[in-house]
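Heads up, the next two complexes both have chain A, just with different partners, chain B and then chain C.
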Partner chain A sequence: MALAHEFDYVRPQSLTEALQLKDKYKDKARWLSGGTDLIVNIKEGMMKPDLLIDIKDIDELWQIGFNSGKLSLGAAVSFSELIDSEDVRQHFGMLTDACRTVASTGVRARATLVGNICSAVPSLDSAPPLFCYEAIVHCASVDGKRDIPIDQWFLAPRKTALADNELVTGITLTAIPNSAGVYVKLGRYGGEDLAQAGWGVMVDHNKQYRIAHCALAATPKRAYQIEQLLAGKELSDALIEQAIALIPQETSPITDIRSSKEYRLHVSGVMLKRGLQAAYDRLQGKTVEAHKLLGGIA
Partner chain B sequence: MKEINLTLNNESRSVLVEPNEILLDVLRDKLGVKSPKCGCERGDCGACTVLLDGQAVRSCLILAVEAEGHSITTVEGISADKLSALQEAFIQFNSFQCGYCAPGIILAVTELLEKHPKPTLEQIKESIAGNLCRCTGYTPIFNAIMSLTKEEK
Partner chain C sequence: MKDYKYIGKDVIRIDALEKISGAAIYGDDIDFGANLLYAELVQSTQAHAIIKSINTSEAQKVKGVYKVFTGKDFPYKFGLYMKDRYIFAQDKVRFVGEQIAAVIAYSPGAAKRGAELVKVEYEALPAVLNQMDALADNATLLHPDLADYPHVPWFFPKPGTNVAHWRKTRKGNLEQGFAQADYILEDTYTVPRYAHCAIETHVAIGKFDHSGRLTVWSSSQSPHTQRHLFAEALGLSHKDVRVIAPHVGGGFGGKAGVTMEIIPAALATKLKGYAVKLRYSREQEFINTYQRLGVVARIKMGVTKDGSITALDHKIYWDAGAYVEYGANVVNAVGLSAIGPYRIDNVSIDSVCVYTNLPPGGAYRGFGYSEMLFGLESHVTRIANELKLDQVEFRRRNAIKEGDLTAYGAKMNPNGLVECIDRVQAAIAWGKKPVSTDPNKLIGQGFSLFWKAPAMPPNASSSAFLKFNEDATINLIISGMDIGQGYQTVMAQIAAEILSIPPSKIRVETPDTDRNPYEWQTVASHITWSSGNAVKKAAIDAREQIFALITRVYHYPIDELYLEDEAVKCNTDSAFILPLKDFVVDGIMTSDGTFKGGPINARGMFMPEFSSTNGDPETSQGGHPNVHYTVGAAALNLEIDKETGKMRVLKAALAIDAGKALNPDLVRGQITGGLLQGLATVLYEDMRYDANGKLLNPNFTDYKIPTAMDVPDEIIPIIVEVPQPDGPFGARGIGEHTMLPAAPMIANAVEDATGIRIKSMPVTAEKVAMAILAKKG
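And now, the complex of A and B:
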């Protein structure tokens, strides 16, 4: 039995060919890589493309490169490949944490980080690490290339800065020397749930912090006020309480099927506190299992 | 219609498909492989799991045309000659009741054991976190898999 909606499918062999097709079809064409969101959206009638352009034969979109502190990821790189990458684990620990919380192994084998940010749901687990590593999103079209900083990428739920003739070819992340980060996710159960709240917390040897969250506003966001409050200071219980007090200003959670607004605000305080302590622990070389920070299940 | 060529359970097969046909449906209806099951149809339940080039994936979220040139393995493939040790353990520990989730779990764990022959309970749980079983409560499944990690060889 086929899907109710009919479309054409092409698998271009070069980036140029792919971009020309997209330029011709604009929003009538959709990019296909992992398909784990796209196929569900087509099944549910939320998207009705005339053409799917499969990018998986374009070699340059498969690269994972680590060079002088920068990690370049092609659009076709799956979450499973990121989780297995030793470079990612060593220099971008928060990203490994976040990738491991996305759906399940069977989905992660196909789903891509780039597809994830193009779906741009508010609960995007990979967003907090992308904010903390100040990711640059590389876009290309027949008109040329352009780079979009991650803080200008998310416009609204499911809306990004990508134009309808553009492809995200990859992302570049920048490691922070002598730093450690952790991603803390709260779901309703272990495995296969969207975040009720997610916090990425990073600290370096100079006590500079980077903090970002997801599922707590219309788009994932960086928490600049909390970063400024903490900057240069030694962690103490009193300081953590001051940071927690800023959470209502840094977030605008809603009540939905997964939890209430009040619960999201409350649990964010717990998550930020444990995240800060865990980031410090990692900075001192201690092993931290991010998925256990909330007493979670394997 | 487009003809696609793939390797299914170590055999070369070709089949005519439309671009909007889902791999799961083509496997079951056109290629006669019935072990992948249709559950949620949105990637949440794991009943449709198959191995694509050795990796457990959701066949309900893959277009049949995407499988062109790739290798698909289902339970029919891993037990072509005789049941695998994992399947024997499932029988010994009574690890399925209705059996709907079993093919998916067998394949997900087959991939895990390929990567980690002696997985920890946590690794096992992570590998099948996306395979829902509503009968067993999972304990007999974990016990069957853990029994393989204890065997001295």
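And now, the complex of A and C:
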């Protein structure tokens, strides 16, 4: 692969050293972990950094821990590690669903969840579970640390709340007791694909719902109006139809090469309906294969 | 049937270990040392424009850049069947992505940096981006000098228009045929362009030494054809041009003929002593190699109430792209064969090759037949359904049989089409489709026939050298390419069968045109048949040399000798057993101490001497342009989610008449792979262009090719064997054919399940779901 752009590469051994470098270079430097987005962007001339700061030698960024209902992930944790984590599967099932749909096996072994949210494309599969588990994004810079709730993270396509001297060091997710969730993704075939629509649907024993979507607006979003409509209610065909009727207000899909606006809207209704049913099924202990919910080859 | 030892057996591929262990060397793996230069292309950003100026001064200043070349350095035309292409654009560009200049540098990165700095000034011309617009009276002409372009005698360009070739086939009396019909159906079907997507992108390395000889290493299906075109375009003698073809990482027609390989070949002639490499990125692979042609097909078919086809009027308009030197032959091939595998007395076919300002069309697995069959097999299903006849019975009734006349008047070869239909019908349990327990799911059945002939010049030939080594192992020296189909293994099996040597003791290497004998190209699914015949002849030549020597030394009559277990034996003297290794190089010592014989070196050649393209230009009646057709049938059960439109093939059965399956396991592999490739073209693949002729999805992000996840749940491969009289052990080609029925089968199954007929490819989940919604109102 020929890269027309030339850049320097460093691999700092400590967080302090990394943050000092980033503070010096600001937006002229890019963080490198898996590189699955970054290198492609450089190859295609979309990014021209002077410096790549590889974070993979910073031990604390590799941590993955589950404690008191909270899951902490370091910035270097790959999708494969998340998929393989028993804690994630048990307490954050929707996240496991979503991670399994990101790219392909080879890419998932390198790509990170943190890198994914920093790329901040509208079709971000990991966003709906992060919204539903009310993730906190931990950032650090030479000026100190700050936490950004996920619903304040995405500003626009490919634009986040991260300052140009900051590093995302990790994310914390909070499990919902007695709940079950599912991530439903619309793709074009059985192989890896960018979501044409993605819906995360969660329900708990008190019939409280959390619902979020991706690829249906400029940024991934939580569907608060639908959550409020459903709150405390038993699912019925009529209720689901009312929820589906709110989709046009909760989303603003576009027509692009992957899908038409009309199909995105239409299938979103199907996804919400089947997602709600699947979440209930999981809550009752039934096995749900999320990738088969929309039919076809998957 | 004769009992063979190696033919018809599931011999393990002789190249398997080399390939799965990573030992196999591909073009980009070859080490050229310090004198290797890298080329990067400057490509047109305009679909149709005059090149006003090219400024290379900034590029020349880039560190690591050695030289920059433009069209002025190479004012040559080239082309396989019509010389309408340039090595670099001359005064005009005719598609987005066309090569204008090359930057030569000491590293790929420097070449790319340089290429980004070459400034091209354009004066835009109106672009014609589809074939129907290009046919309009006032359409902009892509090639005003069309009248001057040299071409093969079987092309009929229309200078002053954008029609590069018009194949007309006329048989019987069309009007009378329609008058006899009780029912006539007329409709239009459209098929977009497709990309081959071989996993190895195109790569070629040219080297011109100080003595003036050109060597090109290229990932190719056609080393000899490349040598010929390089020699012709660059004004070199064939003996001074050498093409070395290492292993190929997939071809599918995309590495047939010459596309980008001419660029490093030409550049090398100006860079004496260096090797210069051009390796395509995936994006370049999409935009500037051959693409499968787009199609608009208008079909009018007449039938009687009892289901006999009385007339067919098939008009096919091809979006062939900016240069049609190869693509026009796709148009020609289908123009001779657009009746499908049916016996039809009254036929009119117009297959029209149209220039457009999109990338050049060319060979793609199926060579136009997939595109043609999408319409025809959709149409046949609709007609049968309209008449309330079973569509399979309708097909059986009209199926072409041995001795029936093809559209151009030659007799159909022996074939097992009806057996294919019968066996597929049984395997899929036609008419007894499963019912889903899921209320969201519908299940439909689809059926399709297929046929295809190799499209070759009448004198396309193959040849083989075979040499014995001291231990009676063999080097079989041939020039076809193993592009995944198992060619090397099957050729070894043929020699093995004749010479009683196990295939594991036969080495077949990839070709070098200096040392390997002539082969036309590895295309057209003709290589098993044609090269197989040459190899068989070479093996027989070796056997005859062996027997002649034994007769000379031991005086056994030749007709009493035979080969078995790597030894010569005699019918009349069971005590005589002479191992081949005892004499095939060193000869046989006689009683006086002298030796007779010597190294056994054999040769074989095959050319289909009965073939001719001398048909009447107005009717195509006369010649014998196609050597034979391979036929088959296929069916599937398709599950459709009626809300999302998403589809899943539950079961597919495909029967093909291989004549003789030389290696049944490889035939089954082709059935699986071909079917999957075909299903991808109908379910999700699709090249999309914007209003300026720019490809929107030159990547696997938005051009989806099938993965292991996309294989149907069950595939039933069925091999039918009605021997091809002139084929090696009765074999004929099956490689391309296995993808042909996929698209119409899906469209037919969608209609069976939903009542909705989709007449444009691809038949995506979105299209199906939105059609179901629209139907509900």
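Brief remarks follow.
Keep this in mind: the second predicted complex is superposed on the first by the 294 of 298 C-alpha atoms of A that agree within 3 Å, B and C clash if a C-alpha of one lies under 4 Å from a C-alpha of the other, contacts with A are read in each partner's own complex, and residues count from 1 in each chain.
As a working rule, a contact is a pair of C-beta atoms (placed from the backbone, for glycine too) under 8 Å apart; a residue touches a chain by one contact, two chains touch by 3 or more.
This structure is a prediction, so every number in the text was calculated from the model and none was measured.
Look at A:G190: by the touch rule set out above, it reaches both chain B and chain C. Judged by the touch definition given at the top, the superposed model places A:L3 against both chain B and chain C.
By the touch criterion defined above, A:R258 lies against chain C but remains apart from chain B after alignment on the C-alpha atoms of chain A.
When the two structures are aligned on the shared chain, A:V267 is found in touch with chain C, with no touch to chain B. In the superposed pair of complexes, A:G295 makes contact with chain C only, with no contact to chain B.
Residue contacts after overlaying the shared chain place A:A218 against neither chain B nor chain C.
Of the residues of chain A, those at positions 1-3, 6, 104, 190-192, 297-298 touch chain B in one of the two structures and chain C in the other. Within the complex formed with chain A, the chain B residues making contact are 18-22, 25, 29, 41-44, 46, 49, 52, 55-58, 60-63, 65-66, 68, 104, 108, 111, 121-122, 125-131.
If you check the complex, the residues on chain C that touch chain A are 38, 40, 108-109, 111-113, 115-116, 281, 440-441, 639-641, 643-649, 680, 683-684, 688, 696-697, 701-702, 704, 706-707, 709-710, 764-766, 769-770, 773. Listing the residues of chain A that touch chain C in their complex gives 1-4, 6, 45, 104, 186, 188-194, 257-260, 262-263, 266-267, 270, 294-298.
In the complex of the two chains, the chain A residues touching chain B come out as 1-3, 5-9, 11, 32, 35-36, 39-40, 42-44, 52, 54, 56, 80, 100, 103-107, 109-110, 190-192, 297-298.
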